[in-house]
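What follows is a single structure, and I will ask about it in a moment.
Here the chain labels run A, B and C in written order, and each chain numbers its own residues starting at 1.
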Amino acid sequence: MAVRRGKLSVVLLILQAIFVVIFAIWADYDTTAHIIKFNNVSKALNGKTGVLETYPLFQDVHVMIFIGFGFLMTFLKRYGFTSVGLNLLVAAFVLQWGTIFHGLLHLPKSHDGKFHLNVGGMLTADFAAATVLISFGAVLGKTSPLQIIIMSVIEVALFVVNEKIGLEIFRVVDVGESMFIHAFGAYFGLAVARVLYTDDIDRSKKEGSVYHSDLFSMIGTIFLWMYWPSFNGGAASGDYRHRAILNTYFSLAACTVVTFAISSLVDKKGKLDMVHIQNATLAGGVAVGTSADLMIQPWGAILIGCVAGCLSTVGYKYITPFLSSKLKIHDTCGVNNLHGMPGILAGLAGAVAAALAMEDNYGVPGLYNTFAARIPSDNVTAGDLGFEPGLGRSAITQGGFQIVALVVTIGIAIGGGLITGFILRLPFFDNPKGDGLFDDSDYWEIPDDGFPGVDIDTPKGKVYIPDHNADTRINLV
Amino acid sequence: MAVRRGKLSVVLLILQAIFVVIFAIWADYDTTAHIIKFNNVSKALNGKTGVLETYPLFQDVHVMIFIGFGFLMTFLKRYGFTSVGLNLLVAAFVLQWGTIFHGLLHLPKSHDGKFHLNVGGMLTADFAAATVLISFGAVLGKTSPLQIIIMSVIEVALFVVNEKIGLEIFRVVDVGESMFIHAFGAYFGLAVARVLYTDDIDRSKKEGSVYHSDLFSMIGTIFLWMYWPSFNGGAASGDYRHRAILNTYFSLAACTVVTFAISSLVDKKGKLDMVHIQNATLAGGVAVGTSADLMIQPWGAILIGCVAGCLSTVGYKYITPFLSSKLKIHDTCGVNNLHGMPGILAGLAGAVAAALAMEDNYGVPGLYNTFAARIPSDNVTAGDLGFEPGLGRSAITQGGFQIVALVVTIGIAIGGGLITGFILRLPFFDNPKGDGLFDDSDYWEIPDDGFPGVDIDTPKGKVYIPDHNADTRINLV
Amino acid sequence: MAVRRGKLSVVLLILQAIFVVIFAIWADYDTTAHIIKFNNVSKALNGKTGVLETYPLFQDVHVMIFIGFGFLMTFLKRYGFTSVGLNLLVAAFVLQWGTIFHGLLHLPKSHDGKFHLNVGGMLTADFAAATVLISFGAVLGKTSPLQIIIMSVIEVALFVVNEKIGLEIFRVVDVGESMFIHAFGAYFGLAVARVLYTDDIDRSKKEGSVYHSDLFSMIGTIFLWMYWPSFNGGAASGDYRHRAILNTYFSLAACTVVTFAISSLVDKKGKLDMVHIQNATLAGGVAVGTSADLMIQPWGAILIGCVAGCLSTVGYKYITPFLSSKLKIHDTCGVNNLHGMPGILAGLAGAVAAALAMEDNYGVPGLYNTFAARIPSDNVTAGDLGFEPGLGRSAITQGGFQIVALVVTIGIAIGGGLITGFILRLPFFDNPKGDGLFDDSDYWEIPDDGFPGVDIDTPKGKVYIPDHNADTRINLV
């Protein structure tokens, strides 16, 4: 242990110092947050600073990242400190690193050689954190803090690049980023998990929950569930945002009902499994994410939610054990079921919705505002419609590109995850093993159980027993 | 147990399938969420899509429903999974069913034969969920998941009908729906509880809390407490909303101070009772609900809060035990004290406030905007005031109708609850009994206590002892 | 114990009765919440009622006060009921008392002899609650509920007066009130703690956490962390608010990274300490509070966060033990590290930022809107700039006044705290001692551990052992 001391600290302090320098050179406030620039533009901007319109939804997403992901992962009985604590560190780290990498990548387009900060950018940075935290779920309990920081550095870069490819080259839609965040994060994490697999993992007796840790986990689940409409709608505005909120709300509701039904159905005694309720109930939020602002109709959203709940619950019951035992892909939080497969479903639903989008059901401005690549490519026709010329894609072509973006996303995720996994296996990064798996105590000072107790002799050796009524009973030392 | 398998699943899947069909036939996006219709109306609607104005308050209410009610009920030591898990299922179910029933009931007024979804409707659906969850509190630990789903189906229908009667026939005001939601939900649930009463309930040793379950419960309490101003003000706008928020905030603050005072006063040793703090502190939010947007003045709101805190605490101390032992009404969460009696108080306060509303203290437009039934009934007088003719009610008459609505609400709740109770007693619905009461383990896979342990011999037989330090001490298999 | 019965109750009921009377005489709704006044002003006010613009941020702060502070303090293993329960009482009490004292103090300026309630005032009242709850953290576990109520009465008055002196006499800026709330609350509480110090405190074995209580505490930490941008930006508007949000967001992120680095670095084995993560991660929010809306640049905010995280973690590791052992200042929650020293840092950063504020980097309107005391004092020059004449302060002078306000704040806090401490030592207020320290059981009915169990003989005497599997194993009694 003594060897480890300082390693994490030094890496964090160096990276943080670099962040300060980069912000000093290249970051500035956005116009609406800049005292001089703001005063030079119309005061009417006031109501449109993004704070009023976007900040409440940003805060909902913020809660999803820090409470949602953080507490969802506290289900492990001896790993709560790392789950919620390291979640905080990773997210705080990525908020900065994601802002920087996104900013620098888009610097060539900047009029003043700086990238500009506003509430919308805070939302984007939180999205980057979500991506890494999904991957974290796949390797939870099996990685050191240092490994997770290194993983964050690499994954954020690939996430930003992949998203840019999807949006700017393939010109696809993905309002809730179910492809770019959920599918990407899941398959990146699973690839890392595959490389880090050891037999120790299956032998560990510490992977599992206790009654209270499952309740802590439900805090995470429910905040994720409630605020998911803000996740899918936060980056949109007007009727797009309104529709994204409605579709996500109903998709989640339907997904939850189906999850309970299937969870009970696949159990021999008809009992519910808390793992399903904690996770599969959320799959509806993922699965509707790509098409949430499209004209999928309320029943379409509900149907997507139903399929997602079924798929995800079945995944936890049958696919996760299969992946672990046959493919040596151990998925601690089952991110394949909550983010991976529902992310693919989202991509497919988005492709179908895109292939069905016509002037009939979107109107002229609606269609071309939604799918800019479908604007006719010749100047005159586009001009008559009131738009700059686009790529003239057909509905089917747009649907095809949605699929291409999905496939490329998964490809980059798996490739990037495999490479990252091999890097993380370097001895320097202190991959935990044996008794250190699924256990906080290598990384945290753990309070003793809090109650004075005694050792007693049992047939199996000495056992330490806390005396829960100690203070009002006897005085043990 | 094996018999039960599939029953809940089949019912849920059938109902969910019906929901998809109904949404497909009759549901559509509201104008402000519809891409074509939205683009055909003024873009100025943008700021008024309801998303900007109502969504943040909707999300507060959403948290009350899922975290608030869900965790408030986790105080039972062995029933946390059902409390928070079934709360999620029921609410997700009612969000859809409430939307459907409300939509179908109002279909005759629709211009296009569809009901239209928007954020305001999401708030209404959440209100329906609140009603059912209040009733759930009365029967908590004494009902199967299947019973609760059936109860939801019936109760939501009655809730929507009763609300429609109150608003459209009696023309009453109830901005926070303390009569329509809280009093209705409480007395419906108590009537069900009366019918389901068995002697097993009083004999159960599992009804009760442990230290940590009481802390989980406080998560629910505090989120309910904080966001209650959004509950009472969410359906209003302009100065009505602002006033509802202010009155609720101060009523709750006063209620909390009085609850602590009375809780300590009624205990022989002057100690506080966590049950009172978890529940009675919230009674001020219920009690001010009907009159929250009326001109009750800040001191009026505070006075209502004081009375509510006192009434509710006394209820927990003296009335709940009396109802259980004498009337065989066993009220697990004490909903009579938190929702029932404070709901009646709210109705009475609303009646008094309505009877005192004059042009003096409301102004001409204010008075008739608030109480449309008080607009003079002859065309000329009404027209001079700038309104369509109303019913020409006097202040006293309006106050009387407020009472009538309260009485009818309680009547429908009790009648409906009794009938529902008898339906739920059908053997098909698997009413729990004996050891199955207040216990998750019939419905959930429960993790073992998480620590390896041993059996030891005691004077009273073998006792299983978890070894809290097992991993760092001895290796117990 | 019997003696105590009723004392707290009587004090609370009398104070609450006085509050009702004061509200009845002097409180009224603000124009935007008043039905007649609102209808007499332009309906255009609708969008500016403060509800739309401020309410979402108010609710974030509300969560910080009740969930944030309340759960942060539940880390003590046997003091969770008091932490979260008394936190609720104190805050509910101060919401009213803070509103009253602030209202009465500003009554001379009122046009109608009343103080007026609106959402902005609710935010101010919540700020007053924050101040008291910070002090509560210093004396947590060592005070009776009655003592805390008395402390609240005195502290709120001094807080409001000190803030008025700072804003109206010294004319300083402190948008997040890091001086007026955090430094004030911390040093007031520490002064009280010094006077209440007894040797029993160091001897108590009950001060400390258990695994689950540390997780409950993290609920508080994370909600404080997430919503801190709303705390620092809630009282501002336009670009000031936007900047305050951005600076706080990045300061906290950097602070968190540095806290993890230093926490690991100062531990012999390189382990993280949960106390640091629960608290020092938040110091960045405090430290950037005074200058959050100034043009400190993003890198400036990040640098402040880095320094704060380091300072606070080092404080927990080295300064808290020193204060306790050498100066007999026992600081239960370490408020000196989270609020005190970071509050001083905030004041200094604010002074530096003020001393660097020029027309160059703020623009003419920006500079004088921010620092009204810097507007030239002669009519003509001021008029040319479009302002009423000010005090004509230079940048350096403004910076000096910022320091003066900080020093005066700390002086009033310490003086007021010492006097309050001596008052609280009066026997009437039942200062806890010995076994009553850090223990809920004197003030709360505590549930037994919830599981039937048995006494067994051990070498150290009888020990009570809960049987965690009792119901499925043997039937004990």
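Observations
The working rule: a contact is a pair of C-beta atoms (placed from the backbone, for glycine too) under 8 Å apart; a residue touches a chain by one contact, two chains touch by 3 or more.
Quick caveat, the model's predicted, so the values are computed rather than measured.
Least step count on the touch graph, chain A to chain C: 1.
Counting every residue number used by either copy at the chain A-chain B contact, under half are found in both chains. Centroids of chain A and chain B (each the mean of its C-alpha atoms) stand 32 Å apart. For chain B, residues that reach two or more other chains under the stated contact definition are 47, 52, 56, 212, 219, 449, 453, 456, 465.
Contact residues on chain A toward chain C in their complex (touch as defined above): 1-2, 4-10, 12-13, 15-16, 19-21, 23-24, 27-30, 32-36, 38-40, 46-47, 49-52, 55-56, 59, 62-63, 66-67, 70-71, 74, 80-81, 84-85, 88-89, 92-93, 95-96, 117-119, 122, 145, 212, 216, 219, 442-454, 456, 465, 467-474, 476-477.
The residues of chain A lying in touch with chain B in their complex are 47, 52-53, 56-57, 60, 77-78, 205-206, 208-215, 218-219, 222-223, 225-227, 230, 233, 237-243, 245-246, 249-250, 252-254, 256-258, 260-262, 264-265, 267-274, 277, 281, 295, 297-299, 302-303, 306, 361-363, 365-366, 370, 435, 439, 441, 448-449, 453, 456, 458-466.
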